[in-house]
Amino acid sequence: MLEVSKLECARGERLLFRDLNFVLEAGTLLEVRGANGSGKTSLLRMLCGFLQPAAGEISWRGKTVNAGNEEYRSELAYLGHHNALKDELTPLENLRYALRLSGIGATDTRLQEALEWAGLRERRHQSCATLSQGQRRRVSLARIKLSPSRRFWILDEPFTALDVAAVERTRDLVAAHLAGGGMAALTTHQEVPIPAPATQRVELSA
Amino acid sequence: MIMTDIRWFKYSSPQTFYPLAGTLAPWFSAAAALLAIAGLYISFFMAPTDFQQGEAYRIIFIHVPAAWMSMFLYLVMAVWAAIGLAWNTRLSSMMACAIAPTGAIMTFIALWTGALWGKPMWGAWWVWDARLTSELILLFLYLGFMFLHAAIDDPRRADRAAAVIAIVGAINVPIIYFSVKWWNTLHQGASVSLMRSPSMAATMLLGMLVMALAFWMYSIAVILMRVRCVIIERERHADWIKAPGALE
Amino acid sequence: MSAPGLLDSVVAVVARDLRIALRRRADVMTSLIFFVIVVSLFPLGVGADPVLLRTLGPGVVWVAALLACMLALARLFANDYADGTLEQMVLAPQPLALLVLAKTAAHWLTTGLPLVIVAPLLGVQFDLDADALLILLASLLLGTPTLSLIGGIGAALTLGLRGGGALLALLVLPLYIPVLIFGAGAVEASAAALGAGAHLSLLAALLLGSLVFAPWATALALRIAIE
Amino acid sequence: MNWGSLSAFIEMGGYGGYVWGSFGVTAVCFVLEAAAVAARRRSLLRERRELD
């Protein structure tokens, strides 16, 4: 479904990786590993279509991933380094906005459930500025949880700032998505084995 | 097959262009020098004194070519930048980068000579004439392009961002020109024209054309030399440039 | 993507930005107060001769509006860029230019519109008569959205750059000149009993042109900026 | 021939300062620009040699 061929990434004058090839099918987890600065985030951002490959191609269902590929974007959910939350808004408002923006319908009950899953039910009406790093990460993950209709999840360090219980819940969330025929690409520093029908590993060494 | 062709095109264009530019530049320099000598001779020794403006009108022999070049170079720069943006061809973006400083200098010369011509004619160094004002704005557009490019560290991102402002500027230049012109007529400002002397003598026109050609040749020569520098700077990690004698 | 979904996303963007502006009222007030102060400084600088002020008035109000708009531009995308919501906007399946248009509309509602509303009061300071005030209002109403639209291009291009503010001014101010000329010109023309119709139609034409072109260029610039 | 003498040529009918100011500055601009490009090339080549 997602085909990556001869991918090359350069930042400035530095070549991060070249000749990267892999194919992701339904149910496949892509684990991207490598030291800091080896291009993990760059690879994920390339998969999102933010970064243009220096060479090579990424295609989704046979169509090149680029600015014009709106079908691909409608099957994508992305969790970046930043949590994509507005400090001025409450977790509930943030989630509602994010889902409306990407055209995912969700009732308020489902939003409440997702916040409950994130352990933030009591804080749903506080502004996000008052939340801790871990809590913000959980709001962001609740957004991913509400996007099961999105086939391909791209998660950049999803476990950052999470406590053990939240890591486990997140792992289960990704595993369930994969078991349901979804796909995911993630980077992580922690050793969190995620059960998946199929796993692909990419080791980046700069 | 097609993919490899595109790759070849994208990657070795600077490589093939570098020696070509090196071969062409001296020829254009020589042409510029010869045309400049001819143009100067016409401007000073063949063109008669203007009965209205006296000898001061001789400034138009550089003012008008510089103004032409400044506008034309902006257009060429915008086209190269747009090509680089649309097809991700690095050489075209490098060309745009190489053109900008020359264009800015031409704009400066047009402004400077315009002021020096305006003082004896209008009695003021600066008048808010449509042409002069547009030239001033053109200078800002050139500076914006160069400063934006310089402010972005990643050269490819810089190319693409600068291309956007070049295109936006190119669309705006005519709008700015006509709006200033309209504003100018409304305020009944100075409307003396360099070109509107009763009968432009044929020799004057010839002198201007020869000088314009000299400016052309000079611009091409200096842009080719500058693009060679840009290529070295940008490709310093490429294999071809590390080969002995590649920079000749 | 269905049309209702498209509209819903646009509404969501506008509603979110308005809500944030409501919760950060100080930001909105800053550019408004800047506008008022700059306009009020002029009589102190050039003298309080009513005839002089009447001639200078439209131009002063317009130049100040231009600067105030530009000052507010830095906020248009910078926060979204810093907290990652901009990336999510780029990733949304909707055409980015449309979302940019929505953001620009919200930005204009919170920065341009207040200027338009306050401007007649400032015009009174410059002894403009009722007709001139009306034309001033109309010209600002037509002109300031164009300023926001064109400014968006510059704001997107300078995202995350060192010395972005000064660079933004260099990029954007030259592009503002036609709006300034026709905007201030409209009031002057009506004062000279020439009728402001032509000026206002040209302002409308500029607005239409930038409505079509600017969101597209801004979207392109945003994609470049988040690279 | 327009000029009777060298001084007439330099004087330009009273506009000497303007005319020569224009042509002179233009010439200086071109020379400086060419020199700047040449200097840029020299420094790049020097850098290259130091790298080898």
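First chain written, first letter: the chains are A, B, C and D, and each begins at residue 1.
Assume a residue touches a chain if its C-beta (ideal position, glycine included) is under 8 Å from a C-beta of that chain, and two chains touch if they have at least 3 such contacts.
All values derive from a computational prediction rather than experimental measurement.
Pairs A-B and B-C differ in how many C-beta pairs touch across them, and the larger number is found at B-C. When each chain is reduced to the mean of its CA atoms, the one lying nearest the mean of all protein CA atoms is C. With each centre defined as the average position of its C-alpha atoms, the distance from subunit A to subunit D rounds to 59 Å. Centres computed as Cα averages put subunit A at a distance of 47 Å from subunit B. Subunit B and subunit C have CA centres that are 32 Å apart.
Each chain gets a centre from the mean of its Cα atoms; for subunit C and subunit D, those two points are 44 Å apart. Along subunit C, residues 227 each make contact with two or more other chains.
Subunit D has no residue in contact with two or more other chains.
Those residues of subunit B in touch with two or more other chains are numbered 154, 236. Those residues of subunit D that touch subunit B in the complex are listed here as 1-3, 9, 12-15, 18-19, 21-23, 25-26, 29-30, 33-34, 37-38, 40-41, 44-45, 48. Here subunit A touches subunit B in the complex through residues 11-13, 15, 52, 55, going by the rule given at the top.
By the touch criterion given at the top, residues 137, 140-141, 143-144, 147-148, 151-152, 154, 157, 160-161, 164-165, 167-169, 171-172, 175-176, 179-180, 182-183, 186 of subunit B touch subunit C in their complex. Those residues of subunit C that touch subunit B in the complex are listed here as 153-154, 157-158, 161-164, 167, 170-171, 173-175, 177-178, 181-182, 185, 189, 202, 206, 213, 217, 220-221, 224-225, 227. Residues 1, 5, 8-9, 11-13, 15-16, 19-20, 23-24, 79, 82-85, 87-96, 99, 223, 226-227 of subunit C are the ones that touch subunit A when the two sit in their complex.
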